[in-house]
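Next, two complexes with chain A in common: one pairs it with chain B, the other with chain C.
After this line comes the complex of A and B, so read on.
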């Protein structure tokens, strides 16, 4: 069973550095210690061409890091690239014993309208008039109606995640917001508002993944990848049976849990591109029954000190969502939490965690279960 | 040891179909027979964003193929994407038992100047004034000088590959050219001329790769992936020790041969983006001593009926080079050759073959050794 033995992160946000510099910043600690032991570099990135006018990013990164002799490639699965890259590394580690994963995206070279247009290019042509933010708004409306969920419960996700993000020195938005502030922020897509969506962020995250047999030679606290689940759904969001569910998340969770032989986890990092997504996902990963996730938020169950903490890092909502970096950063957070190194946002007694990295609107979901034992 | 059990190809060339239609055309036979048995789809593609304004290509492809429930991702390694995607599949097949690889690129939506600019974006910023065609021209000049190679020997590669391509119904340019025609075609980058470079092509290629234990339940003639080698070099081409060598090709070949326990192969599909590259690569894969590849061409050794046939398919030079599809199409050719199904361009007695898929100018090389036995 592969293990994560080192991790690195840049601060997320509007950064002046370019895509190569960000990749290097997140990797510098790992590379300075272990460069000569790394057999493969996997770069998780979606849009270096569209955002940065750069292709062949993986080879440019290894050159930039003076690791010219290490083979590399890029894995792309849009918003879910990070989780997918880790899954790929997980299955390649038997051959390439030490794999460096670098997730990176430099988004702020384009303006919001351009970024939204580029990301909408992942939708099928017939649905491009929509956008991911508007699909999330539709999900919120349908969810509230179907389950009689309060509007406040959805906004409360942003309150919680900004609270956590304020404790995370790497988060994009390190500022608490009140329920009133969330509900009075500008409408992005009715009914959802500004603070309920992830901002546009630059950033990078890195992991060193090795075969478990040598994990303890790298660190005395390896974090093991106990289970990996990947599942897929149609790209036509409007053709799904119900928009208040994301079946690929449920299926990927089941696969990962089965492999991990784990039934419950101590915390989860979910893909909260919009607040409503965290609620629906919290049901799909089994933290709550269908239609009850919103109550869990209202009752504080998903807070840092709650019974089932979600997004202790601040989530995409407050930490930010540099596309290719996000899924990798989730596992950086799990690595810190499980090692007891998450500082003020430490989940007490965290020994197992779940991360969900999601392409598009659940077109492809990757769930990882991590823990302190093989 | 994984095996290729089915293959598909579109005609390469200027095609009216879009990127999804091409991917589907190459995969249709495989999908219609085996759709319900496929566990994972890997799409090899580099530039769907830049060329087609499309992202999340892998999820759009699975939806287009009515395989919504099959997880997928995109592997990119620029010109070497295909070989890399197959290497990734090779190492993931233990978990995902049947993997469909689809290599695809739709280039003709942009004009030649735009395509060249996009591809040059894989060079480090300091070298973007150059382009891959001009680097090849520099290599040709240095090679001729260092080894006293004749100009004709280099052009003869184009004569040979167009001869082979004329026998390949899927090739872009199905037309023989004489040495005189090659040497009087327009200069692209002194001294190399039009017929010595790969054209800009659209196209797609597909492979079904399965675990060897069940290979024979799919076909009575599986083609086994006996060895895989990946190796890397600096992105700064002008900083390499000598420009008449491509060390990553030599290293990747050594790794693949060691794993395959094979010393010689019956034919090779090389990455002849320009004629000179085939000559240098033919030395790096061990067909000739350094500095003697050009003599091999002049003596006909690399022709279809020669002792060491290279690019029986016509190579990139005549078959075309849809970036993400090329490396996959090489293995389609190896599959046909080893099964004795290559028609008029059949290499007699072909039981083992080598394919070389190369990113950039040898920034990353993937060598595969294929054969009719595990």
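After this line comes the complex of A and C, so read on.
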């Protein structure tokens, strides 16, 4: 069973540094300490070609870090790249004993509409005019209608996540917002508004993953990857039977929990590209029954001090979403939470956590269960 | 859209029929559909209009996404990925 023994993170946001500098910022502490022990580098990145005019990013990163002879490759699975990279490392750690994962994305060189065009290219031709944010808006409309959910409950996710993000020094947006502010911010795609979507962020995150047999020689507080679940669904989103559910999340969670032999977790880091996604995902990971996630938000169950905290980091919604870095950064957050090192946003008694890294609109989901013992 | 002799109808092109595995899929342009939901997008991908309505419409039991310059309901005519009110265009 692999273990995370070290982690690094940059501040997310609009950064002046380039993609290589960000990758280095997140990983230099690990590389300085363990460079000669690292057998493989996996770079999680989706759009260095489109956003930065850069190909072969993994080799450029290893050379920039003066690890010229360490094998490396890049994993691209759109927004789910980070989770996929960790899943790949999980399977490869028996051969390459010490694997450095670096998730990085530099997005702010493009404006919002350019970024939207690039990301929409993962949709089939007939759906590209829709864009992912508008599919989330459609989900919100259908969810409210089907379950009689209040509009406020969806917006409240942004209030909660901005509260958490304000406690996270690495978050892109570090200010609290009120329900009124969320509901009066500009409409992006009806009915969802600006504060209900993730911002466009630059950033990087890194993890050192080793086999559990030697984990304690690196740190006295390893965090174990107890279960990994991956599941996919059609890229043709409108062909799905149900547009108020994300079955790949449910399936990936079931696989991960089965492998981890875990029924419940103390917190979850979910893929809240839009507020409604957190609610639907909270149902798919089993925190709530279908159609009841919105009630959980209104009752405060998913708040930091609640019974089932979600996105203590601020989530993609407030922390930011540098595409290739996000899934890695979720595990950095789980690493800190489980070690009791999350500062003001620490979830009390956190020993087991779940992360969800999601590609496209649930086209591929990777769920990880992490804990403080093997 | 695509159709297969086994009865499968899909929203987008595929190399193989997901139901029977046939490679003999026929592409066709839908002529009309029924609106399931419509909503406005204000931040659109570069290269497209700056704002438009999106339409989730059902055609032969399959849902597809169309665009429109105005909110539409009921049955619509489909031309080049756009939903038009009946009697227009």
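Here is the rule we use: the second predicted complex is superposed on the first by the 374 of 374 C-alpha atoms of A that agree within 3 Å, B and C clash if a C-alpha of one lies under 4 Å from a C-alpha of the other, contacts with A are read in each partner's own complex, and residues count from 1 in each chain.
One rule holds in what follows: a residue touches a chain if its C-beta (ideal position, glycine included) is under 8 Å from a C-beta of that chain, and two chains touch if they have at least 3 such contacts.
Just so it is clear, the structure is predicted and the values come from calculations on it, not from any experiment.
Participant: Now for A:245: first (chain B), second (chain C), both, or neither, which partner does it touch?
Facilitator: Neither chain B nor chain C is touched by A:245.
Participant: Identify which of chain B and chain C touches the larger number of residues of chain A.
Facilitator: B
Participant: Does chain B (first) or chain C (second) touch A:88, or do both, or does neither?
Facilitator: In the superposed model, A:88 contacts chain B only, not chain C.
Participant: Between chain B (first) and chain C (second), which does A:124 come into contact with in this model arrangement: first, second, both, or neither?
Facilitator: After superposing on A, A:124 lies in contact with both chain B and chain C.
Participant: After the superposition on A, what does A:364 contact: first (chain B), second (chain C), both or neither?
Facilitator: After superposing on A, A:364 lies in contact with chain B but is clear of chain C.
Participant: First (chain B), second (chain C), both or neither: which does A:59 touch?
Facilitator: first
Participant: Does chain B (first) or chain C (second) touch A:114, or do both, or does neither?
Facilitator: The second partner, chain C, only.
Participant: Quick one: classify A:236 as touching chain B (first), chain C (second), both or neither.
Facilitator: Touch partners of A:236: chain B and chain C.
Participant: In the superposed arrangement, what residues of chain A touch both chain B and chain C?
Facilitator: 124, 236
Participant: Tell me, which parts of chain A touch chain C in their complex?
Facilitator: Residue positions touching the partner: 111-114, 116-117, 120, 124-131, 133-134, 137-138, 141-142, 186-191, 236, 238-239.
Participant: Which residues of chain C touch chain A in the complex?
Facilitator: 10-12, 37, 39-48, 52, 54, 56, 62-65, 67, 81
Participant: Touching chain A in the complex: which residues of chain B?
Facilitator: Of all residues in chain B, those touching chain A are 40, 46-47, 49-50, 53-56, 58-60, 62-63, 68-78, 81, 84, 88, 91-92, 94-96, 118-119, 121-124, 230-236, 359-360, 363-364, 366.
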